[in-house]
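When the chains are written out, they are named A, B, C and D in that same order, and each has its own residue count from 1.
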Amino acid sequence: MIIQILLLSGLVIFSILAILLKDLLKAALSLAVASLFLGIIFFRLDAPYAGVFEISVVAGLITVLFALTVALTRKDSEVKEARLTRLAFPLFFVIFLIIDGLVMKSLLQQVPALPAGPETGSFGEVLWKSRTFDLVAQLGVILAGVLAVLALFRKKEEDKDE
Amino acid sequence: MAFSFIFIPLLLAACLPLIGKFSKKLIPDVLTNAALAFLLFNSILLIKPVLSRGSFFENINWFGENINLQIALDGFNLFMLFTISLVSLCITLFSIDYLKHYGHQANFYALLLVMVAGMNGLVLVIDLFSVYLFLEVAAVASYALVAFGLGSEELEASFKYLMLSVVASAFILLSITVIFGLTGSLSFQAVARGLQDLNAGLAVGVCLAFFIMGFGLKAALVPFHAWLPDAHPSAPAPISAMLSGLLIKVSGVYALFRIVYSVIGMTPALSRVLMAMGAISIVVAALLALGQNDIKRMLAYSSISQVGYIILGLAIGTPLGIAGGLFHLFNHAVAKGLLFLNSGSIQHITGTRNLNELGGLGKKVPITAGTNLIGALSIAGVPPLAGFWSKLIIIIALVQAKHFGYALVAVLASILTLWYYLLIQRKAFFGPLNERWQKIKEAPFWMTTANIILALLCLLVGIFFTPVFNTWITPAADALARGVQQVLMWGI
Amino acid sequence: MSNLWFLYLFFSALLIFTGIYCLLTMRNLIKLFIAVEVISKGVSLAIIATGAVKHSILLAQTLAITYIVVEVSLVATALALIINIYKKNKSLDIRLLSKLKG
Amino acid sequence: MMATTLLWPIIFPAVVAIVLFLIPARIKLVREVLAVLSSIILLYLGFALFSLKNLILKADWLGTGIYFDLRLYQFSAFILLALAGFLFLITLYSVIKMYDHPRIREYYGYVFLAAAFSNGAVLANNFILLIFFWEALLITTYALITLGLKPTSHRTAVKSLIIGGLCDFSMIMGIGLIWASTGTLTMDAVHLEPHGLAAAAFILMMIGAIGKAGAMPFHTWIPDAALDAPVTFMAFMPASFEKLLGIYLLARISLDFFELKVGSPMAMVLLIIGAVTIVLAVFMALIQKDFKKLLSFHAISQVGYMILGIGTAIPIGIAGGVFHMINHAMYKTGLFLSAGSVEHRAGTTELKKLGGLAREMPWTAFGFSVCALAISGVWPLNGFVSKEMVFHGALETGYPIFAIAAWVGAIFTFASFLKAGHSVFFGPRSTEVPKTRESEWPIVLPILILAILCITFGVYNKLPLENFIQPVIAGQAEPGQHLDFTAGALNLFTPVAGVSMLCLLMALGLHFYGWKRGGKKAYLASEPIHHLPVLHQLYDLSEARFFDIYEQGVKFLAWLSKIMFKCIDRPIDFIYEKIFVVIGQFFTGLFQKAHNGQYANYLAWTIGGLIAVVWVILQLLP
């Protein structure tokens, strides 16, 4: 349990770092570390496939994409953030932490839930058999993403209005 | 075969970029229009089984093995499918000539088809998580389409739209997760049954608030509307028509009310919240529309206002109110589609959308002027056009349910609506001809054709509204009005 | 509902708060999108945790994986947008994106 | 005869309208022949249906109690016939008057469309159907005003649309209330006591009806339209069609839908609106410098008599109101048409520039004179009969103040028509207008027909009263009481008629002095007598003596008119033009400022909205 809470705290801390760090590359990297923590939490929650996906895709692929973007937009792209933002963050964070804690504590035993039966079958069966529709939708999302990138990076010379 | 509504556009979208390599224009045009025409035809064919059987499931077999690819059809989602197919067909017809401005037909059509597939999927699915997924399918395609022109305004609008949408869908998914936690399942039927057994008012209330925020942002309810007046005008005209005419209704209104009515169950408190939000949207957006100089921006604000009417009607909770809301949804889809396409025509003809630069176009482009007038009057609720009936039914339903204040708001705002539409009509089409537009010509064939079809729809639905109402609206309204029972009845 | 669930929801809410705080106050486009990623981490944490306490972890895994796929697609689109905006504006400041107003 | 015959008066003009829209602008003759012929057919149809009296057409239409329900009976048949008659006259008139109008195609189309909608509104026996036609009329009004083609036409058209829209929507609310309290939308099934909610329904419905008729405070667009719209439109809509429809509905509301009791609060509301409309509008009319504008203010003022008549809730008063409606439609149309005739020939309607046209346009002058005398209530014209009935009714309510208001109105009506007639047709020939001649016969004929009708309806008042008016009121009388208004209709030797005649004499006197003091030019003909030695002194004396009184009187009147104009007429206009617009613009500006394009701002609203929704939902949880 303690380990789990430590991991969760690590996740939150690195996420906060990803937001507060001035250097975008470092921010992207700490986001990757946060993903790593999340992946480990997934493993420990008996969700190995999700953990693998989280680590490989989010910590890997998405970080690479971020790094690429940062590299492409590096030149004189310094954006001055308001200083107050970073200074005020701990204050707000603590306030929200307290509110969040209080709310969750008050919800304990308050929210009824239906008992769940034990699951049968394997991960593959669940994915392929009972969530087949998600695969169709995934294909759709991937297609949309690919087409979106194609559309956004299409060659300009054909555009008549430019 | 209801699955064709998802698979045909998806498959075609996957093929189109390849086809586009060797045929730049003709084949993508033909294929896309043919596919959507087929879907329209299909949706009309489906009305008979739905009317006779009420609602039913459809499954797919994979080499004899029953995989869990299941969708349900009832009056409500068939009505949405019909609206989507009808309006998107007109939009692609319009695009045949309009896309000369942008090029890359294949890519454009592929994105558009993915969006259609996303909307169709969202309408057909029977579990909460799939709702979220297809919402994202349509949304990702729409981000790209809004930015399709790649100008700085388009990119700005698209980025803001994306960033606000992402927050909304995160909350939707969070809410779905909590419901999953409460009931242990995701399918509409199981969740509906579970929530009935469960007395979890608090948690469900918070979930509902998240849903209202998430889907409300998709539907552009005030105060979640800020992305819409940026995104809809910036997109190419057919996409504006698509977004305003369909996407906000499918991913906002349909999803919200399907969940509220059929899964969670409508309560008087919820009805009050939604009606208040609808009324606020109507008034605020109508006032904002009055101050615009850009035709499309004015139309975009008008969309917010009209979605307010739809939500006001649907949220009353009486069968008549639901019918009015759905009828207004259909009429607004047709008329706003028409108006945005028309604004595309105006931009095509003159190169500007600024109302102050236009003037007197009516003499030069009578068809565009005429169709624009019909669309505007229909939305403003002028008899005998379609929009009059739907607004009237909403107002009657409000009075019937003794919501006199809201009825008053609805009535007064429709005067505002008429006002700003007449503003467009006067500034763009009436009055003396601006010297700059001496040499303009009427829009090309397919653009005018699409406009005329939609204008005729506004007119004919208004005149023969009884058959339309009885065939499409009544079954849909019945399906919603039965509430949770509707979902529990599926498959029986 | 199991008490463990609320622990996970507590952390998930923290992540979402952090993300929204960043979205509200920061100006760099890439930073904003990192914030979106943080929010989505909160959501996927909630999904898996719910599955774990409901003993339907297999279902939750599929949902989480699907969600990650959606995320990738979104990231690709958003980053393509950001690069295009950078090409146009030569800057990543969100405040410059306020030409559309009124 | 088949019940479907009832569809003809609606469908036929609508089809004609579409055909007229489609006929190319160049083919003149066909269009005009078609228009006149179809109006004759409609007139025939009107007579045919009037002879039938009772027909009902009912078809299912919307479910939930909304039927396509048309009902022809005494009253609606009468209005239908009157509408057809006016349509015929105006179409005939338009053949010449609108000949060169650049958008003539639309003009005829809209006129017939308006006729179709009006017929539908009159025949409707279902409130939803009524709203449908009632609302549709707004659009034709809007379109016809824009056909004035003046720079401000569009503004006036929008004004009429917004005012009309407000009134109509108030009517929709009223209908909603009726529906909520009775559960039916069929018009002849509704009969309510105006208490509580039903009283609110009555007021709301009434606003819809009198708004259409153009009573105060819903009148401000009519004088604007007098200048901005084609004059045929003025004769067509505000003078005849809208009055007929508005008063028809008002009579239905007060007789059928609600039980209006003598002296009840609702009746008092009507009486007050009527009296105020009469007095204020007539003062406004008195100071007008333009012929058409003067007429338009009278069009408002006369509505007051009708509302007053109906508001008395006494059979003779109601009969007077309804009779006044048809009379007013006749002579006011005649007046507008003669104004149009003058405009047609002289090219202007400004009183200052006109004068002495009677010799060149004798028929127009004759028609005008008859109509003007009729509107002033001169014995034995129709205006006399109906006004006397209204006076009687007003006196019988026990509140003589309303009768006095009506008499005050009569004085100034006559005075202002003396002024108008004098300065346009009589007096010295104006030098500003070139020599001209009488208008063509299609223009003159309608005026003369209307003038003759005015005389007929007055002298032979049995005809309209027994055929049209009394059957309508029949249900209102006490059982066994025999309704007969014809007996003493033309009796000059009753106290009421005496007071009326006194009023007319006062008006004559007023005009006489005003004319002498102000109109030097108008008096050139009598100059020689004026300069006779003794008389000259006398005149000078009298001038000196009467100067003060009259001048003060005139000044007072002018001041009163101005005050009313500034304090009542303009504020109402101000409310429409400024308050709505400015408040709207204020909020528009405010909301626009809020949309500053900043993402963080928008996200903040979203999150704020979310928190608000959560809070509200948690509050509402049981």
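The rule is short, and it goes like this: contacts are C-beta pairs under 8 Å (C-beta built on N, C-alpha and C of every residue); 3 or more make two chains touch, one makes a residue touch a chain.
A quick note: this is a predicted structure, and the numbers were derived from the prediction, not measured.
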Which pair, B-C or B-D, has more C-beta contacts?
B-D
Whole-angstrom distance, CA centroid of subunit B to CA centroid of subunit C, is 26
CA centroid of subunit B to CA centroid of subunit D, Å:
44
Round to the nearest whole Å and give the separation of the Cα centres of subunit C and subunit D.
66
Taking each chain's centre as the mean position of its Cα atoms, how many Å separate subunit A from subunit B?
30
Which residues does subunit B have that touch at least 2 chains other than itself?
129, 133, 136, 140, 143-144, 147, 150-151, 159-160, 163, 167, 181-182, 184, 202, 229-230, 291
Subunit D, residues touching no fewer than two other chains
592, 595, 597, 599, 603
Give me the residue numbers in subunit A that touch at least two other chains, ranges are fine.
107, 111-113, 116-117, 130-131, 134, 137-138, 141, 144-145, 148, 152
Interchain pairs in contact, sorted by label
A-B, A-C, B-C, B-D, C-D
The answer for subunit D against subunit B in the complex is residues 61-64, 128, 131-133, 135-136, 138-139, 146, 154, 158, 161-162, 165-166, 169, 172-173, 176-177, 179-180, 584-585, 587-589, 591-592, 595, 597, 599, 601-603, 605-606, 608-610, 613-614, 616-618, 620-622
Which subunit A residues qualify as touching subunit C in the complex?
5, 8-9, 11-12, 15-16, 18-19, 24, 27-28, 31, 34-35, 38, 41-42, 45-47, 49-50, 53-54, 57-58, 61-62, 65-66, 68-70, 72-73, 76-77, 79-82, 85, 88-89, 92-93, 96-97, 100-101, 104-105, 107-109, 111-113, 116-119, 121-123, 126-127, 130-131, 134, 137-138, 141-142, 144-146, 148-149, 152-153
Okay, in this complex, where on subunit B does subunit D touch?
159-160, 163-164, 167-168, 171, 201-202, 205-206, 208-210, 212-213, 216-217, 223-224, 226-227, 229-230, 269-270, 272-273, 277, 284, 287-288, 290-291, 320, 377, 382-384, 388, 392, 395-396, 398-400, 402, 404, 407-408, 411-412, 414-416, 418-419, 422, 426, 430-431, 466, 469-470, 474
Could you pull out which subunit D residues touch subunit C in their complex?
592, 595-600, 603-604, 607
How about subunit C: which of its residues touch subunit B in the complex?
1, 5, 12, 16, 20, 23, 29, 32-33, 36, 39-40, 42-43, 46-47, 50-51, 53-54, 56, 59-60, 63, 66-67, 70, 73-74, 77-78, 81-82, 84-85, 88-89, 97-100, 102
